[in-house]
Amino acid sequence: MNQESLWSIFINAVLINNFVLAYFLGICPFLGVSGKMETATKMGGAVTFVLVISSLCAYGLHSLLAAIGAPYLELISYIVVIAATVQLVEMFIKKVSPVLFNALGIFLPLITTNCVILALALFQTNKGYNFVQCLVYALASGAGFTLALVLMAGIREHLDLAEPPNIVKGTVLTLMIAGILALSFMGFAGLGSN
Amino acid sequence: MQGKSQIQNVFKKTLNISTSPHLVRGIGTNDIMRNVVWALLPTALYAVYAFGLSALLLLVTSTVACVLTEHFLAKKSKQPSTISDWSAVITGLLLGLTLPPNFPLWMAFLGGIVSIALGKFVFGGLGYNVFNPALVGRAFLQAAFPVAITTWFPVFSPDRFSSVSVATSTLPLMEPATDGFTGATPLSAFKFDHISTDTYDLAMGFITGSTGETCAVLIILGGIYLAVRKMLNWHIPVSILATVYVLTALLHFSNPEKYPTPEFMLFSGGLMLGAVFMATDMVGSPITTAGVWIYGALIGALVVVIRLWGGLPEGVMYAILLGNAVSPHLDNLIRPRVYGTGNRGEKVRG
Amino acid sequence: MSIQTTNKANEGFWDKLASSPSTDEYMKGLFRENPVFVQVLGMCSTLAVSNTALNGLAMGLATTFVLLMSNILIASLRNVIPKQVRIASYLLIIATFVTMTDYAIQAISVELSKALGAFIALIVVNCQILGRAEAFASKNTVWRSILDALGMGTGFIIALLCLGTVRELLGNGSIFGIPVFPDSFQEWVIMILPPGGFFMLAIWLMVFNAMKQRKAV
Amino acid sequence: MSEAQKNTTEATNSRKMLVTMVGIGTICALLIVLSFQTTLPRIEKLKAEALEKAIFKVIPGMVSKKTFQLEGDKLKEVTGKVKDAKLVYAGFDKDGKLVGLAIEASGMGFADAIKVIYGYDPHKEKIVGFYVLESKETPGLGDKIEKDASFLANFDSLDVALSEDKNSVKNPVTTVKHGKKKNGYEVDGITGATISSRAVGNLLKNSTGETLPQLYKNKDFFEAKSQQ
Amino acid sequence: MGFFNFHTNTFKHGVHPPEHKDETNKLPIRQFTFSPLVILPMAQHLGAPSVPVVREGQEVMRGQLLAKAGGYMSVPLHAPVSGTVRKIANVPTISGKMAQGIYLQAFPFSGQEVLEGKPIDWQTATREEILQGIQDAGIVGLGGAAFPTHVKLKIPDGKHCDLLIINGIECEPYLTTDHRVMLEQSDDIFTGIRYLLKATGAPKCVIGIEANKQDAADHLASKIPPGMPVSVQVVPVKYPQGAEKMLITALMGREVPSGGLPIEVGGVVVNVATTAEIGRLLPHGRGIQERVVTISGPGVQKKGNYLIPIGTPLRYVLEQVGADENISEVYMGGPMMGVAVSNLDISITKGTSGIVVFKENDIKRPDKVYPCIKCGACVDACPISLNPSKLGLLAKFEVYEEMAAKYNLMDCFECGSCSYVCPSHIPLVQYFRSSKSIVRKRNAAAKAAG
């Protein structure tokens, strides 16, 4: 059981304990697709989408496993069920809205095995959130992830027209910017603690 | 006609050719930077007057660290040294001005190195940095040494010209002795104990705080000097300060118990120095006027949010860094309508 | 790989070892194809648990164990598993070993499992493990897969130790919990905080880049 | 490949797929259950020990404990594991007399939620012990709430007496600036970790305000238990 | 033109370079001496070069046709002096390339009276006759662009001209040509306007003048012939107000569409000197032989406004006005848009509105190019509202397609305002000029490739 207010869950996941900048989750996509604004926003959208789905799956699974008394299957069932569900949803989208599929489609299968997704499922279980809290937490984590990704993409596009020294070009520079962003986000620490 | 012979005598020089325009306004980037240094000097001198030798050593150390780092890194990457453009001096001076007067010198030196190396050099040097270098340095120091950076020194202490603070001369890598006191700046006094400070004292600089943030009047004068000379975009400080004022005024009148007066917010902490000298760093701010208003409003709003609801007493630095992070987006999204085109850039007819 | 082609008889044991393909299978993971510094994989756990040397080492060992076990199983089943379901089966296998590791760590020490937190469970999705399964174990013999897993694992441990020691040293003044500096040492708190993780990793990558560049010249 | 042939290979393929998946699934399930079963006792033991240790820390002088579940205003004893319930641990001395209650509480700190357990002595109406179960506060600053001796000394005896009507705590716990502590219900803050130390004060205020009146209503219940 | 469009009598952005007009704006136009040799390139204007109709050795009268128009987009060329055609060969031009031209040796002591042709009367002539007359007179835009005027005045089918704008802005520093023309040739200007009104069918005409030439505005206003639909409009001083698009915005409150012509918003812009020339030449059927040129700058002694025969060599001009021996820069046109001359053997052409001469150390040369510091000065200067900072970076990284596709490169009309204000002394206009030509070439290549 957890009494946290929805607002505080939201602020916490977006700003204070941003998945990327404070928890180091989703670093690979963060490094990989933050080069272009367009892909960044799409990736953000796709991740948020999968987060919500997997959060619901995990919530259901957790209740189920608790009921049948097999908590040890949690991890393995999360990963399998989430992957399967996303696959189904992907097929569904492809049928129903090819436009949406074109926008998000290519990212979906890659994302399922991404740590943000699994981490959300594990964290929400650990924190004992109820259904609505889970939903808000998923949306907020997605928003936080998207925020970090989009900020980074804007900066990297800007830096396409710069001449960083050879030795830091590429991943090193991206990591350094991530560090500075993480520093900047520290300003939000303790938001709502008083 | 005497013909060719005379012609050759008359014009000895070979002509220079260049492409138009052949006139330049005459203000160079180095002139701008140099003037910013002049505009900061009154604030720096007041800081030395108010805090004594410690502040002097601090400012010298941070400036020297920045200039040396800039020079060294340029040499290291086999490029001509860029210290003559004065921008490293500004970075160093501003870094020093945002630190507590009794900040250990070795930490200030480290901050200078971080400012230039991480805040500027890795992005490609002058003009390419996304974040304000001085604030990158300060943010690094604040995260690395949170205690030292919230330990303050009394203003106008009687022996300030004869001795330096013990903390100032801490040996490298060592923990400073605490001869200052913590948490007594107007902002933390307000945040944690709801004690407000007189606005007049704040504006005139009779209150302790970071080295350069105490005397708002001198900061504003420096800003006006630069704005008049068109070396500073006045929209930025105005939009930040206006946003802070309006938001705080609304909150204050809704609950005067809980929220401070807008005047207190304007003149306390690093807001004035940040709004006038740091948010205005053109490299990290949007290029269009509309973009600049949004940037300013965003910074102002973040300052209010962090100060009033956040965990930390002060948020100007974080607000500006976040503003810096957003400005490439603002430049991307906000483009003035090009002459002879519609809002989205398509051609207009008739 | 083997540079000395002549005079094989005169080769000493170490030379032979150094030039044997098996050794190379192992050695490549250490530096040349280091999973963190070169392939830039598995960054999440690298950053999250490298705030002290001990956490880094524990995480590295756990990951190596999972990598090794799943590599063995996948390599031995490689001819049995149909193409279409291979990723799903890899996930199952990996998740199983991770769950086992998780329980093992919880059984070893509450403190340690608290420090590593959810990141043990997250080994499941560590890009690196699935990557090795797909890129190596599914195509190679069990023996070579073992070497590969050990090599990659060691490389991962090296990387985590590189990060963990420096972060702990500056951030806490100690290594593996043993103080190395005098009491009056000022800790750099940032090093144990998230930004410090990013900066430290960036710096190590830079060092690797510089070494590669020097070698290339 | 003829149509028929293709169909047969596809059929064998999907059958093979199913078989391997089921096979692998079975192996995996076996492995997991096996490791779960072998580690379970030790994990439970370690966890229980850790909790026990914490409870013993916050209730000085106790030798045995009982766990109760608080449901609305009712208490009932529980044994074994209960999920999703608010638990109160009662500590008894060697004579079986109730010496204190241990209560878990949590609240937002500087970096993330802080989770603590504190001991409450219903006779003295005081908090008599305090232990941080979980916190991500900054090492060197916020983590002083776990380590700083003078801060922890606050909780050796912190006044949380109930008001006359027994519906609230008379003087809610507050954190004051370091060195400014005057009253028994005040927590002496930590300089440099004002936020974390305030968060602790806050979460104690909330928890005591909610739980202590409820416990008071069950005073007799505990008395009864003590006698057993 | 929406509700929020507050028309302000000028355009957005722009710059204020020091004017330096006092040095010559009080000096009346003086006839320049004839040079013993005039050099006449055939390409004095935009469009096809003229085609010589004289032989080498032929003697010609002043005003006689030397070359006929090389097509519709071309104008004829008349002899600026009486003399002998010495040679028809390559002559140096301002671009540095050699091009076909005529060397004409003046008769030493001839009277230089002018040959008359077929007069055109503004009252009786038809539109087409006027346009033909303008072409036959060899008239091109004297505002600097040297675009054949008859082409511009031909209103395309389906369009009509709401307003004839006479451009008396002269926003370039140093130049006072148009200023003097307006003060001294008002009658010719009004006659010219009559022809132009008829040729364009415009119902009315506005003469736009910058506030620093109030005397010219007053003078012209007092001279407007009764009943003529002409007014004088004074606008604030700002560079590049004289540019067609900016002037249309200032006077009409309309914007010329990107890539389009002024007539699409119902405007036609003609320079005052061009107008005066039309008014002076057409009633007599003459061809253009000379033009008013401002000679100024710290490098010359006898500054002033001179009526100089077309084809007079630059070297001769500079000798006559006493140029300093240490001259280092000579600009044809003003310092903002003019072209730096590398070779003094080129000659005055129809498009030459001024010659500005600098000695060494007169011009503050940017010592060093700094990186763009995103100060935004260029953004606030660009009259087209482009983002020169971004364009400059894109040019530096050679991303030309993106410049054109996303940042409206092709709308840049090279006014130079951005380079003028840039504190980092980035050669922005130079970048844009070469980027534009690369984009044009690539587009052409793409088109050719299908």
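Should a chain be cited, it is by its letter among A, B, C, D and E, assigned in written order, with residues numbered from 1 in that chain.
Operating definition for what follows: contacts are C-beta pairs under 8 Å (C-beta built on N, C-alpha and C of every residue); 3 or more make two chains touch, one makes a residue touch a chain.
Quick caveat: nothing in here was measured; it's all calculated off a predicted structure.
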Contact-richer chain pair (by C-beta pairs counted) among B-E and A-E: B-E
Of all other chains, the one whose Cα centre sits farthest from chain D: E
Approximate Å spacing (C-alpha centroids) for the pair chain A, chain C: 24
Chain B and chain D, separation of their C-alpha mean positions in angstrom: 46
Cα-centroid distance, chain B relative to chain C, in whole angstrom: 42
Mean-CA-position distance for chain B and chain A (Å): 34
Residues of chain B whose C-beta touches two or more other chains: 118, 124-125, 128, 140, 143, 146, 311-312, 331
In chain A, residues with contacts to at least two other chains: 72, 76, 168, 172-173, 176, 179-180, 183, 186, 189-190, 192-194
Residues of chain C engaged with two or more neighbouring chains: 88, 92, 95-96, 99, 103, 189, 193, 195-196, 199
Pairwise chain contacts, counting only pairs that touch as defined: A-B, A-C, A-D, A-E, B-C, B-D, B-E, C-D
Of chain C, residues touching chain D in the complex: 77, 80-82, 84-85, 88-89, 92-93, 95-97, 99-100, 103-104, 106-107, 109-110, 114, 171-172, 187, 189, 192-193
Partner chain C, residues of chain B touching it in the complex: 107, 118, 140, 143-146, 148, 170, 173-176
In the complex with chain A, residue positions of chain E that touch it: 390, 393-394, 396-397
Contact footprint of chain C on chain A as seen in their complex: 21-28, 31, 72, 75-76, 79-80, 83, 113-115, 117-119, 122-123, 126, 166-168, 171-173, 175-176, 178-180, 182-183, 186
In the complex, chain C residues that touch chain B: 181, 184-186, 188-191, 193, 195-196, 199
